[in-house]
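Alright, structures below, take your time with them.
Both complexes shown next keep chain A, but they swap its partner, so chain B is in the first and chain C is in the second.
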Partner chain A sequence: MRPDFLRPWRAAAWDHGAASHLLRRAGFGGTPAEVAEALSLGPQETLERAFLDRGDPSLHASIEPLLSAGGIESLQAWWMSLILESGAPLRERMALVWHDHFATSNDKVDDVRLMHRQNELFRASGLGDFRELLHDVARDAAMLVWLDGNSNRAEQPNENFARELLELFALGIGSYTEDDVREVARAFSGWGTEGRSSTFRAEHHDARPKTIFGHTGAWTGDDALELVLEHPACCRHVARVLLEAFVMPSPADEWVEGVAGLLLECEWGVARTLEVLLASELFFSSAARRSRIAGPVELVAATARALDARIAPRLAARMASDMGQALFRPPSVKGWDGGRHWIHSGTWIARHNALVELATAAQVGDGRVHVDLERSFGDALDALPGRALAALIPNGSSTRFEQTLASAARGARDANHARQVVAAVVLTAPEYHLY
Partner chain B sequence: MNRFLFALVLLLVPFTSRPRRAPDRPLPTLIPARCSLYVEACGLQERLREGLQDPFVRTLLDSKVGRAWLRDRATPPAEALRAADTWLGTPVLPLALGLVEHGVALGVDVASDKAVAVAAGRDEAAVSLGLERLFGALTRSTGWPGSVERPAEHWSGADVWRIGEDAVIARRGALVVLGNDESLVRETLELAADDATRGLIGRAQFASPYAERAPAELWAWLDVESLEPEGDAGFHELREAHRSPAFLSLLGPGLAGLATSGAIAASASLRDDALLVTLSGQDSASPAALAPGARSGPVPPELPTREHLAQALVYRDLAALFVQRLELFPAEVQPGFAEAVTNGSLFFAGEDLCEDVLAHVSPWIRVVMGNPTFREGAVPELPLPGVVLVGVLEEDAGESWIGAFQTLVSVIGLDQAQKGQKGLRLHLERAGDVELSLARYPKPGAADGVDLRYNLEPAVTVVGRYLVVGTHASLVAEVAEDLMHSPPLETAPGIESLTLDGRALAAVLERNAEALISRKMLDEGIARERAAKEIEGLRLLLESIDEARLEVDGVQPTRPRLELRLELARAPEPSR
Partner chain C sequence: MQLSRRQLLVHGAGAGVLARWLPLLAARADAARQERVLVVLHLQGGNDALNMVVPHRQDRYYVLRPTLALKRSALHALDDDHGLHPAMNDLAALYAEGRLTVVQAVGHPHPDRSHFRATEIWHTGCPLGPSPGIGWLGRLSDQIWQREPGSMPALHVGDDEVPLALVGREYVAPSVSAELGLQLAELEGLDAARAGLLDASDGAGDVAFLRDVARGAYRAVERMERATERPDPVSYPDLPLARRLQRIARLLEGGFETRVFFATLGGFDTHARQAAQHASLLEQLSRSLGAFERHLAAAGLSERVATVVFSEFGRRAAENASRGTDHGAAAPVLVLGGPGRGGMRGSAPDLEALEDGDVPFQADLRSLWSTFEQEWMGLAPSSAFPPLAL
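And now, the complex of A and B:
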């Protein structure tokens, strides 16, 4: 029996704020037209649409001819183009979540093709069965290079992958012992790469018995993964990841237990779990709404969508990098710290500059941004503060803020300047950065 | 004669009397001296007289790029002209000719971003009629801002119309002045009223190249020095090209001379299906010590065409560059030189880079660009052209260069091995009569893809007195074979040159089109269709050039000259 907080939310309260909330969490926000469409469709159909894959195949294929050149900037721009296009919002969102979770950096891997292959794995399997995903990630060549699979040999086990598997990817601290790490490492000995493919070198594998979580056997890497997945902490760990990514930071233990149960009920199916979670009372609760500090990638993408702006993907990726989230280059195996760590004195300046440029720009980065604020906010100046707030901070602003905006608009040189000033003030307000 | 006929004759007299003609004086006398950019359209009258039958226009429209441009137009040129006739209520070309028959010039005060254009028409009547028709059509179709039915003001004997906030149009006799700044237009009208030779022609730096100009369709002059206060960092870096070892080594003293010129005169003309563009610099700061011919030396001969994409002959006196580095370059680049000299000695087995190595190489170097032949299983997904350099050495100097190449490859390989990468491996191979020292990456795995780095298979050989070094072994072997029985030329041409095969370059672009389209999509955020169209436009542009030849004459370091000749390819006649 599912806990109460996972009961379907009452659609009667479906309004602009709720629609924006769903579009932001199940994707990267919506354009004014998409929010309006969601309002008319209702939550159920809006969520169903978030699961669809309606992307432009030519955009998805556009990275292929650039892979041999090896520049990570092209790969960053390409992924940003898929996020900005929003043809498969939830799929891209989930890929970003797994990229942060199974954090792998090109700074060490130094191979754009491998990073691309891992990214496609997250895209293709990110909404599927978590158990399969975990097996695939363990065999992924980028991961094997990143966590030193090639130097994990029977005679001298390398514990990097085993340790991160238990600590970060599947269980969490407190659910295993140091002996478990050593034994899991032995189980993965011999897993490495040959060229750009993953391979198993039997001569480097330690085939002797190992004891993992108290179970003894001649475990292989795949066996170790099964033991990890059977561990009761695993579904709770994944449930916490989903709650933090889609609902709110620091979720209550009760919610974690409930979503872990849901995950098992859905046979580890991520999409099936999200179908329930993103339609639940918990998801639409006031505590969940605007409870997360937007990460740079989602901030740039959601701002572009809210303003109905066109940003060149390479520039958008650079903006996100300046704000502290360089795709394919997470700072460590822990991924990005996120939350309050997104904003500090250095990254705030980058956020401020990028958002002001977006708001005021007819010309950013060689004219590679196009923003039509008149289309987004309308031409009636007296309604400008209200419309800007509705589009950018739905249900999250005060009358006083609206009055401040009206005053700023009155001080502008002309109508266009007023729209730019209002947009810049809203985008740089602390409230705007809560998603 | 009855009274009716008398009245008719009286009415016709003004139209049969000699019209007031435009002043017969050079247009630069009408452009204010503060303008730092001057452009004169010299051949416009011919274009307007002949219309679409003009040879210049026909050549452009019949070229491949012209045909492609026409394909994209919804309205063919003849039809567009007919539409313009209807819009104006009179044939457009004769009307325009009446407005500009004695020339058109544009002056720009770059510092203030203001411009003034002067058109010397056939006579007062033609100009009045032209303006009247133009104003009428504009008012009818666009609701032109401001009243143009009659002049708003009169300055210096001219009728003046104001259009919008900034634009001013004035007519004085057969002269039309158009500008976006009142003071510039007033100055121009005052110059027109004054018979004395003033204006831009009064500036010696302008008058001299203007007097020397050859017939051309377009002639322009730019006071580069005056742009310095407004220039950005890139501009200032360019102005310091004569003090940049990297610029001088890569692009040469001639182009450094142009970049540092106080003023530049430019012209464009069309001769026998070829577009000719010239740039002449004045008061350049390029160092005389590095100018072509400052040191004599044998010249590698031109190579037979083997579908090469480009061939160049350049003058790079690296020995002088190193030996005179203290006099030629600022202090901040000296450590770089010191490092290069030390590393050079390491690679050349302890020999002094300047005295023992570079001083024994002729400053004339031939550069060949071509398509390499890649190994099976190692054809890069993005196959790029390769480059080969040919130098002429003094006798017996070849061995030390081959040793230096091998040492360099070993050092690079060591660095790559330390990073856990598969590095370049040295090989000795024979291709026909040529023995090559080369380096290549091991073949990639079947499923690994072939990366960009497989374009690099560096090689070196010495054939007679020639040192042949390049980015790909197959090209080096090919060039070395061509040189085997050709002795170096002892007489230097004095100019640097570059010849490009437009169609071969278009083929390279076509081969890599997918990558360029993808890059454009991600860089600019545009749809695939638009990116593909823009790349195709560039390909057509290259394909429309049979051959491009660039000559840089830097023998006189203070007066560098560049000439670009583009032989336009004619499109095949459409099949009937």
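And now, the complex of A and C:
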């Protein structure tokens, strides 16, 4: 029996705001045409489409020369191109959620091929069975380098992976003891890398019995993962990740319990869980709408899409880096702290600059932006404030806001300048930065 | 008049007078502290401080350094026992004026010869156990941020990543390029409309928070622009460190709110044929700090600004076979202004009594950081180590 808040939302109030909400959360926002299409399709079909992969296969093929070149900026730009293209919105969204969750940085791994391979793992398995994902992440070469698998040997255990597995990846503080960390580390002893492959060095594995969460046995690393997955805190931990990423920060305990139950009911299937969650009353509730401070990657991508802008992926990735989210380089194994941590004077200035550049389609550095605001906002100047607000902050309009925009439009040199100023004012308004 | 609460108690006043004046004086002292600024310079790579502050009276120095020892006659005399590297004219002058304090042999009981680990220790102020992941200046920034949300408590001036020292739990300082500073993309008509919108006081939660930060950011840029419009009262040498310090001085002169600045000068990892490279780095350090100090003085800011110069470790007392030096341990720290009274603190390193080839430490770095945290900035220290009397 599912809790009430997971009941399907009645689509009676399916409007511009609801459609934008779904397109933003289940991907990286919609272009004006996609929002219009979603409005006619209804929530169910819009959600189904978010699960599809309709992307350009050549984008995937373009990766090899970038990897040969070796720079992390190329890999960042490549992922950004998949995000901006939005051929598979939910897949890329979920990959970003897992990148933040299983946060691994190239600053230590120092190998773009390994970073790319981990990214492809999130892309291929991110919407599948979480249990398989966890097993795959544990033997992912980038992760093994990142959390010191090679130095975890029977004679000298390294607890780095074991600790983060329990603390950050699967259970959360308070659900295990320091002894559990030590014992889990012993279970993973011998897991390491050879070249770019993961490997098991039996001579470094501690085969003696271990006691993990009170269960004693000669546990291997895979056994330890199974014990972690059977721990009652694990499904709650994953449920919290999904709620925070897709619904709202600081979810109520009752929702965490409900979504944890749903996850088990769906046999740990992430896609199946999201099919229910993203169609639920909770998801569409007014408390959930625009309840998150937009992260840099989603802000840049959603803005480019809302303005129907063409932007060089390398430039988009650099904009996000300037705002504090360099893909493949999270600040620590905790990932990005997010929320209000995204925002301080320095990052606000970076947001301002990127968004004004998008609104004015300025050429920046080696990247180019092209925007056709007339197509997005029309040519009727008196309708401009209303249309810009509806497109960028649906349901976020106020008289004061509209008056400010109208007066800015009246003071402009010509129609094009008016559209640029109105777009820039909306994009740099604090309200726009809620996602 | 600036009296700390403790000074007042020590110097003694009638109890009644004390009761009446204490709150006022304390408030005044707090207000003064809230204006104070700390500039931290990291000499990256491990500065060979034995060839910066040279204990030239000790014959052992010449034995340990057959090719690298500096001639006594070429040094700038500091006190009877020490001379400053010949390339450091400006710092020698600042020492003579009483502006420069040399704190001897700062270190800690767990020296580590890894750049990474040693840097982590200095940046966090935690020589023991795993890194707490936040820096000592990050802790200060957090405290200022809690008092003034939306402000910019700390800034990293440079093009590299934000150093661990500036990573706080709540606030992580941004990096500002010395050349570009904070530049705002302009669009005619945007300023006026934006000002109107940010003027609003409705809304709560995240929107109010975003609005506060945005207002603070635009104010900061305005001030920075005003600060940069004015011609500098002094000329700076064309050197990377000088440009970073110039940026800091301009910000302070323009009334910028930031209280903690961090900059680095790299290249000190001198394992081979170090003499020329080391001299050129020390010259850069000295000339840059000289111009910075002259700028502060001309702007009337000297009293408000303290600068501390450290490196993650000193180098071995003995030179190696490549006319260079290898990773060492404790080393002198330079303090300009602030809590320093000028002159030499601590005694000359005894080169006859080295520990594992290194100068043993005299002052704990945690006490040094406490001095700046508590005495200078008036904030909670990151350790229980008592401040040093500088």
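As a convention for this text, the second predicted complex is superposed on the first by the 431 of 435 C-alpha atoms of A that agree within 3 Å, B and C clash if a C-alpha of one lies under 4 Å from a C-alpha of the other, contacts with A are read in each partner's own complex, and residues count from 1 in each chain.
The definition used in the following text is that a residue touches a chain if its C-beta (ideal position, glycine included) is under 8 Å from a C-beta of that chain, and two chains touch if they have at least 3 such contacts.
Remember, predicted model here, so these are calculated numbers, not experimental data.
**Q** Please tell me, clash or fit, for chain B and chain C sharing chain A in the overlay.
**A** fit
**Q** After the fit on chain A, how big is the angle at chain A between chain B and chain C, using C-alpha centres and going to the nearest 10 degrees?
**A** It works out to roughly 70 degrees.
**Q** For A:Arg314, decide between first (touching chain B), second (touching chain C), both and neither.
**A** first
**Q** For A:Ile63 in the superposed arrangement: first (chain B), second (chain C), both or neither?
**A** first
**Q** Which chain, chain B or chain C, is in touch with more residues of chain A?
**A** Greater contact footprint in residues on chain A: C.
**Q** Identify the partner contact of A:Cys235: answer first if only chain B is touched, second if only chain C is, both if each is, neither if none is.
**A** neither
**Q** Compute the least Cα distance separating chain B from chain C in the superposition and give it as a whole number of Å.
**A** Minimum C-alpha separation, chain B to chain C: 5 Å.
**Q** Do any residues of chain A touch both chain B and chain C, and if so, which are they?
**A** No residue of chain A touches both chain B and chain C.
**Q** Which of the residues in chain A come into contact with chain C in the complex?
**A** Counting only chain A, the residues touching chain C are 293, 331-332, 340-341, 343-349, 352-353, 356-357, 359-360, 362, 400-401, 404-405, 407-408, 411-413, 417, 420-421, 424-425, 428-431, 433-434.
**Q** In the complex of these two chains, what residues of chain C are touching chain A?
**A** Against chain A, the touching part of chain C is residues 133, 150-152, 155, 167, 170-176, 182-190, 192-194, 196-198, 200, 203, 206-207, 209-211, 213-214, 216-217, 220-221.
**Q** Can you tell me which positions in chain A touch chain B when the two form their complex?
**A** Those in contact with chain B are residues 56, 58-59, 62-70, 74, 77-78, 81, 84, 110, 113, 194-197, 310-315, 368.
**Q** Which chain B residues qualify as touching chain A in the complex?
**A** Residues 380-382, 419, 444-445, 447-453, 512, 514-515, 517-519, 521-525, 528 of chain B touch chain A in their complex.
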